[in-house]
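Below are two complexes that have chain A in common, paired first with chain B and then with chain C.
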Partner chain A sequence: MTATGVHLEGVTKSFGAVDVIGGVDMQIGKGEFAVFVGPSGCGKSTLLRMIAGLEDTTSGSIHIGARDVTHEDPAKREVAMVFQSYALYPHLSVFENMAFSLRLARRPRKEVEEKVNRAAGILQLTDHLHKKPAQLSGGQRQRVAIGRAIVRAPEVFLFDEPLSNLDAELRVQMRLELARLHKALGTTMIYVTHDQVEAMTLADKIFVLKSGMVQQAGAPLDLYDDPVNRFVAGFIGSPGMNFLEATVSAHDTDGIRARPKGQPDLDLSVPITSRPAIDSAISLGMRPEHLTLTDGPGLQVTVDVAEELGGISYQYGALQDGSPVIFQQVGARHGLRGTVQNLLPEPGRIFAFDAGGQRVR
Partner chain B sequence: MSLKLRRRREMRAALLLTGPFVIVFIVFFLYPTLRVVTMSFTNAALIGGGDWIGFDNYAKLLKDKLFYTSLWNNFYFVLLTVIPTTVIALLIALAVNKLRGRVQALVLTLFFLPYVLPVSVVTMIWAWMLDFQFGILQPLIETVTGRPIAVFKDPNWVMPMIAVVTVWWTNGFNVLLFIAGLRNIPPDLYEAAALDGATAWQRFARVTWPLLWPVTALVLTLQLILQLKLFDQVYLLSKGGPFNQSYVVLMQMYREAFQLNNGGYASAIAMVLFITIVIVSVLQFQLLRIGGRK
Partner chain C sequence: MTAKRARNLAFAALVLIAAMIWIFPLYWALTTSLRTEGRIVSDSAGVLLDEINLAAYREVLSTSKLARWYANSIGTSLTITGIVLLFGMMCAYALSQLRFPGRRLLYLLIVGSFMVPVPALYVAQFVLMSDLGLINRAWGIILPQLIVPVVVIVYKQFFDAIPKEMREAVLLDGGGEFTLLFKLYLPLNWGITAALAIITFISAWNNFFWPFLVATSEDMMTIPVGITQVNDSFGVAYARMMALALLAAAPVILAYLVFQKRVTEAVMISAGVKG
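And then the complex of A and B:
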């Protein structure tokens, strides 16, 4: 167990009668970059704050390293947290903000200066140490908040949507800096975001949360390639996966054949080993990047909007029955708007889900 | 043309909105104030003109023993009220801030209730509670001193007791200001400080106190001005006695103006008090600002 960075077992949290976290188990390895991702209100922040000790744990246990910290004071957990609001002390200079924990611990002046200057060096804040937080830009404030965490040399860094107050360009830049920082420090980090792109780009391990439950945990590409349910499939990947209602029309050696609703001429081959009953309803999932144009029979999509990103474009359209479909095209200026296109998923790149949203394999 | 028209319309609206206030201000504040200033250089009675006597009133005031007694009592009263009421209000606000929802609203209302009472009711309540023969607080005093005391007739007790009454009466407003100040401090800061290892005391000393300083400075300054203007409580509780031990500047001004009919002299007293308040409060506010910047 000592090799574990953070270890949660059967962790639950209730606010009064409301259960917000419903039994979470997780293993985060030492030095791993873990990301909690999920829609707003799913309990990501609550879970993070429980690890920090800012919220009581209703039941279950939390270990950091070999220590059981379930009912430990926040200060004794050796975790540092970066808040969405940065939570900088407005009356203190950047230097004093970063030195705050060392001052509380009454560390010698030389040590304080050394540690703060080192952190400021890493974060390019050396020229701003005498300024007050109000005199800094959003990105710089963010760095100060990170600096304050670095100075403490914690066992675990916790980030609660640290980039969501930054503009898009800065967000991408800070994302890279965080990834570099993690490489440089090698400390366990837990990062909360609702943005799956941030999760995919930063994480060693993603935990997808929904309604206080972990839906799936794993490496970013494992979740992308092999989601366990419709929620994860739809959440990971951008733009989101297309879902079509279908009925099972036949069984064959490779799997089953499924007929999308409103497309009587089309049988799609779905490579699964289980055999749902003929005529039973399933949902099919296809990622926009796995749909290709075909001259033969396929999903007939009327394109109405094209998002041109330069290198690639996303074509938005609908089937005859109105179900929305997005597909990706390499290159630009395809001029598909208003046309009807036939699409087929790449072989094997089609997922099946049962009526409850669970993956059918 | 249309720009001119719009300007004129805006001008008219501005005049219409500020006009009533400006008129009331001139008639009931500016004009009387100027009259007091001119009157302080005359030997006028309260009604009717008088002769210009230059700085004679002020010269006389500088030799008036009662004036020094009054001024001293004013500052003694400030000492007894301003800092104590600020400290008490801060402590109450910190405690009330820990409560939540309806309980908080209820407790806050209880603390604010005295503030809505008129001064005559306040003094009545306390005169009754501290009555020499029947006062329900006399047993309490007796346990401390060993005998009942007619507090408003005792030279040592009179000012401190008026201070107690005043603090009880006006504290609610200060509590309210502090509560507002405390609510302005983001809870994140306390969480960050807790993670940084700050104890409850360190969170107060290093987060709450510095961030609350502007409110504290405001409360201190407002209190200073208010308490230098002490009159009602003294007039209603002790009439300045015993042995002038609770005589204050406004009390003296009142006596000169309305009992002795010395309008000019009373105006000079008023002017000196006014200037004193301006100087002291500006001085204090500047000092507090410097204190806050450190």
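And then the complex of A and C:
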């Protein structure tokens, strides 16, 4: 790993008696694009605000580069934040919004103009510098907020769900622009979102959070291919992973065999090295793209909704006992809605989880 | 269609009548000030403006200390307005944005001070000013008028409404409390500041009783107090008094015409707070 960008050690946060962040360790490399992802209320914003210095840290330490900033003022941490609501100064022009921090630092006028104009150029705001925020579209306001951060040349950029107020099309476009911006600036960025697609597409490193704890950290595809627990497995990937309750029916050389609930004549091969007891309960996880149609015995799924996207389609259905199953079809043109299909997971593409949701390997 | 039109007309007529009732005292003051003293008390003086005689104005301008009173009124009213706004704003900022022990209690005290009628304090304040040696001094007129809780309460409500993220953006940009107050909270509230300035100024300008108690020497009087000085050896001089009253009211009327919208806004906001 390269030099440290941001380093958290044993960080906790309590609001009164409520523990919101419970002991977070994380290492973000200098220049990395890190994404905190997790369901609403899991503590992503709180953690980001603690790094920014907008919330006190109850215990643990926060380092930016080599500096311990745990008890430093926000302004001295050399971080810039882009808020979900943009938080532009409504009474100031776009130019003055971006220049605000430089003016406070009493930078010479020439430097202020130079820096603001350069940022405006990068963000295509040059024609709007004299306007007030109220005269801008949502996407432009977003850019001004980013511009305000760029101008300060911070050591770390912090983004709190910056795209969630934009419409779908603009969101995709801004996502690309952010990726380009990160490439151009090479600065450490920490980005908070509840949208796993944003996380997958932007991140060098994803931190999946749940109830104030990091569930797993790693490169997007590592999380996708090798989740440590059922929560991460279900959260990463869209549409989500299918989970079936099953019992261990036999042990064999390549792993175990498991029998999904309500499917007495189906034994699925699960390639794991541990050997859970025969008849013990286990959850099986299968991604939609790893389920394929078969003529022989398989999971009997009644398809009730088909999402045809052209290249691929998602088929939504259920087993006899009602457990939902989603599977993906590539290039298929035969409508499956209303039909009953037999499905088998691709060999080796099946995850196992114990009753507590931990991955069984 | 016609029924609606008739209703509108009736409503307009009603408003017109009400407006005439309101404007009549002003009109009466104007006609009176334009008459000779003798005519005012005679039977021939009707409601119509049938005489334009500037003698009363000439007399008032040449014999009274009008210029001095104007200067006193302007000086005290401006000082009061400036201090009340500055301190009210800072106080409201602290109550709204800072976290310190006793904050809620302090706010309750300020809201509570609303309940105390100002005249109830006159005696205590007079004794205090007298002890401080401020009788017949500008500061004696000014100090007791600096207590304007409504300014604090209005500002606090407006400050409370500013999104937290904006404040945090300033903190990250390197600003402190003074930057926050003077570069964010104040500029976002210029409208309400103007409105509060106008009502504070007008009420200071119109204040009669307190300056009347404190300013006993003619040189220290404000305009409303000065009006009482205009009588001659035969008793009250109505024309001159009315002329002076109109001259006293002129700046306020002018301010009202210029800032009409703001004044209305201000009166409505403070009435809303006073409930």
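Basically, the second predicted complex is superposed on the first by the 357 of 361 C-alpha atoms of A that agree within 3 Å, B and C clash if a C-alpha of one lies under 4 Å from a C-alpha of the other, contacts with A are read in each partner's own complex, and residues count from 1 in each chain.
Quick note on the criterion: a contact is a pair of C-beta atoms (placed from the backbone, for glycine too) under 8 Å apart; a residue touches a chain by one contact, two chains touch by 3 or more.
For clarity, every value in this text was computed on a predicted model and none was experimentally measured.
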Clash-or-fit label for the pair chain B, chain C on chain A: clash
Contacts of A:81 with chain B and chain C, given as first, second, both or neither: both
Which of chain B and chain C A:16 touches, first, second, both or neither: neither
First, second, both or neither for A:52, with chain B first and chain C second: both
Touching partner for A:311 - first (chain B), second (chain C), both, neither: neither
Chain B versus chain C as contact partner of A:264, first or second or both or neither: neither
Partner chain in contact with A:335 - chain B first, chain C second, else both or neither: neither
Touching both chain B and chain C, residues of chain A: 52-54, 73-75, 79-81, 83, 85, 87, 89-91, 100-101, 104-105, 148, 152
Chain A-facing residues of chain C, complex: 163, 165-166, 168-175, 179, 184, 187-188, 190
In the complex, chain A residues that touch chain C: 52-54, 73-75, 79-81, 83-85, 87-92, 100-101, 104-105, 148, 152
Chain B partner contacts - residues on chain A that touch it in the complex: 52-54, 73-75, 79-81, 83, 85, 87, 89-91, 100-101, 104-105, 148, 152
Parts of chain B lying in touch with chain A, wherever the complex brings them together: 186, 188-189, 191-198, 202, 206-207, 210-211
